[in-house]
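Chain naming follows the written order as A, B, C and D, and within any one chain the residues start at number 1.
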């Protein structure tokens, strides 16, 4: 992989800590803190980071290429495997994109179910992020708490569609499953269960001196830089930009819901943490509103058995837990898409890593990788 | 308590000390040298204990072995380059140096043989249990001024080391 | 075996001293030269402590002062070494013969 | 010979001070065995306590409630392949874990488990303990350097900087405690571990409460510094798993690695026992003043035995709650046996001669155990410090605090 290190000007001749003032360290792909198989080449001066380069692609499965050889329906399960901790959002994005292409609209009941499940999934994704992020910074306990509570969400998923992680919950045109007996009651029970739990996480971390010191002013990124890099999601919002696709261009049934967009000020790791914690609470609010007023009616729109969308192209994006998840689909009128391009939030957000850690310490790299909330399955696709 | 098996321990410890000293100056790798020096220092600390100087022994362990030698190892790690291992380990005037050192050794032997009377074979009774207190009395009594100068010296050394080693001031 | 007298300790100290001198005079690696100086200082310490058995505790107090000096010397010496190494990338005393660079 | 052995039992000093080699040897063996058992028990306890803090069960499979898990782990480590990196320095790589273990065990020769229960009593006891435990950093540095790999080297550099800096704060805290020992008629303090506890006995106060809050602050400084000295969370940067994979022992495996593990836990016990000796009254029972007198002495002397009986009762209770399935028969029997052993120890501790001789050890161990529990608690609660923050805490917070406490203690000592 020597060619990949080119821009760091890696010198092959023997270097020690002092004579070169710099040291090249390989973090990953086998490293406890890289959340999968990310390889980060760090150029260090002692403990100070002079530059980084991410080497990705260890988890590349060619999802976009596979799409060209599957029908629209057959490709649906594949999107679950990108951001596997937020599979429901992926499915939502893809289904809505194809619906747009087909010019059909999911019935209201399906849209409400979609919103509730997606928001549940957002909470699950943020919980997983919180646990692993805290673990990276050295607090091991939150991981187990969040996994305990995430389990409840996965149980609801399992009851709804039979799968816990790669749910494949939605179909093009609506939902394939009707809510099960007692769905609303269980979701309500979950809401009552999880609200004090989020307080518990905050109690452990928000005012913890070490946590604050480790995250405040770490990995700062300004709103301007975020926009320049195309960074979206909580990272963008923590920098002070009130941009949430759920509000900006409402999809599914989000227009009917009343919720806030939490915004940070400093754009540091601590603000991103606060924003995500707030987002979890807002998601609870959305679910609470939705659970009371799921309309009756069909859950599946009328769509042709053999899906042949008209020739054309479409870009549809949703607010996934990690940022803007977009699907660009080109149709040539056949049963298979001509081209599918995914705009994964993790991949775009990962770009910011280098900017955020320059001049920081090694330990901050870990914190920043954690706070970007990347999923390598989505980065590499 | 009095040291037991004094003779055996004396020869054992002094052999340890001197042999480690030999290793210090002969090893190629500075880390090995430093480890040998640590052994030598610990052996000396034990010799101090046999000489009823427990406080000096404690200081020797805590300062020399635990402090100074860590500093040495730290620096060796920073500047350790493989290149220097392949080079000549002894400089050109090693023969002269050896000769001078041997002459010095001969001088010592001469002095010890000639001046045997200078080192009376009496030992004053040392109160071992209050050694620390007595050292403290001397240190903060008779040698107060020297103590202050030593602290000043340490301050200067701290500043000097920082100035020397810092990249940009 | 003969009882251990002060002279025995002095001989050990002398041996250490000579070893230190050999190290200073013949080795090229600065770090080892510095360590040899530590050996010399230790030899002196051993002498001082051995004498304190004859003439009272003053020797021990002196040994403590010597240890203090050794700490100062090591700190400054190693600082110089690091500064030097950063500029010249060598630890050989032979090459440290410039007053200015 | 028999006289030689029994004569010591009647004396009131340590075997080292009495020059009784036989008993010194017995004590060394006892401490070695006790420490090994303590480390094994700590391994199990840490995993169980941490697990229960984190809403999980911890080891449950090997033996009842995972009681045999540490033994299984030790066996696994012993038969595991011992890997040495090709480019490593074999000798240094080999000797580094030994250095760490030997230093961790050596300090225990001056730990006073009771007025007579120590291998020896040196008049430089505290200095000796601090000195020898500071040697363990050498082993860490050697391990990091000899592995010839970036992560261990960075771990070693971190740990040497960290341990050397926190030693200073630690030393200052210790000095202020030693200063408190000199507040007697003669005005001479002591560095001897037994002397320090006796000074607390004579002054009728644990030093943690002396000159409130000065003693408490000094204890706090020491408590923080000792966590940093032993490289435990939240100061576990040298082995920060998420940053440096495993720090200085990344390249170690099998038995050698287990030596580091052993050393880490015995070093924790060692510094805890310094803290207990200096501030928490060593072997003294709680409330010697408020609850003094013959009756209370008797009550407190019964507590060790009763605690063991209580533990035994708990064990019997959980034995009765074991599933009745024949599959669990061995486990049930084992747990019952364990309860029986605990109960037997409890009964043994109730016998008067044993009681009088052992209760000091019990109180000392109980205090150390409390300190060890704190270690586990920290680990379950705190995130990890960053390196510059760690240094900042050491040099800019603890060091000035230590100097301040030292000066104030000296002033208070003169005034009161």
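Note that contacts are C-beta pairs under 8 Å (C-beta built on N, C-alpha and C of every residue); 3 or more make two chains touch, one makes a residue touch a chain.
Only a predicted model underlies this, so the values are computations on that prediction, with no experimental measurement involved.
Among the chains, the centre nearest to the mean of all shown protein C-alpha atoms is found for D. Among the other chains, A has the CA centre that is most remote from the centre of subunit C. Between subunit C and subunit D, the centres computed from C-alpha atoms are 36 Å apart. Distance from the subunit A centre to the subunit C centre is 62 Å, each centre being the mean of its Cα atoms. For the pair subunit B and subunit D, the distance between C-alpha centroids works out to 31 Å. Touching of two or more other chains is recorded for residues 55, 59, 67, 71, 77-81, 131, 167 of subunit B.
Within subunit A, residues 17-19 each touch two or more of the remaining chains.
Residue positions 82, 85-86, 89 of subunit C each touch two or more of the other chains.
The touching residues of subunit A, when paired with subunit D in their complex, are 17, 23, 25, 31-33, 47, 134-141, 143-145, 148, 204-205, 208, 210-211, 213-214, 361-364, 366. Looking at the complex, you find that subunit D touches subunit A at residues 50, 53-56, 150-151, 154, 157, 233-234, 236-237, 240-243, 245, 379-389.
Those residues of subunit D lying in contact with subunit B across their complex are 16-19, 21, 89, 91-92, 95, 120, 122-124, 127-128, 130-132, 134-135, 137-138, 141-142, 144-145, 153, 156-157, 160-161, 163-164, 167, 188-189, 191.
Subunit B makes touch with subunit C in their complex at residues 6-7, 10-11, 14, 17-18, 21-22, 24-25, 27, 30, 33-34, 37, 40-41, 44, 47-48, 51-53, 55-56, 59-60, 63-64, 67-68, 71-72, 75-76, 78-79, 81, 84, 87-94, 96-98, 100-102, 104-105, 108-109, 112, 116, 119-124, 126, 131, 134-135, 138-139, 142-143, 146, 150, 153-154, 156-158, 160-165, 167.
On the side of subunit C, the complex with subunit B involves touching residues 1-12, 14-29, 31-32, 34-36, 38-39, 42, 45-46, 49-50, 52-58, 60-61, 63-65, 67-76, 78-83, 85-86, 89-94.
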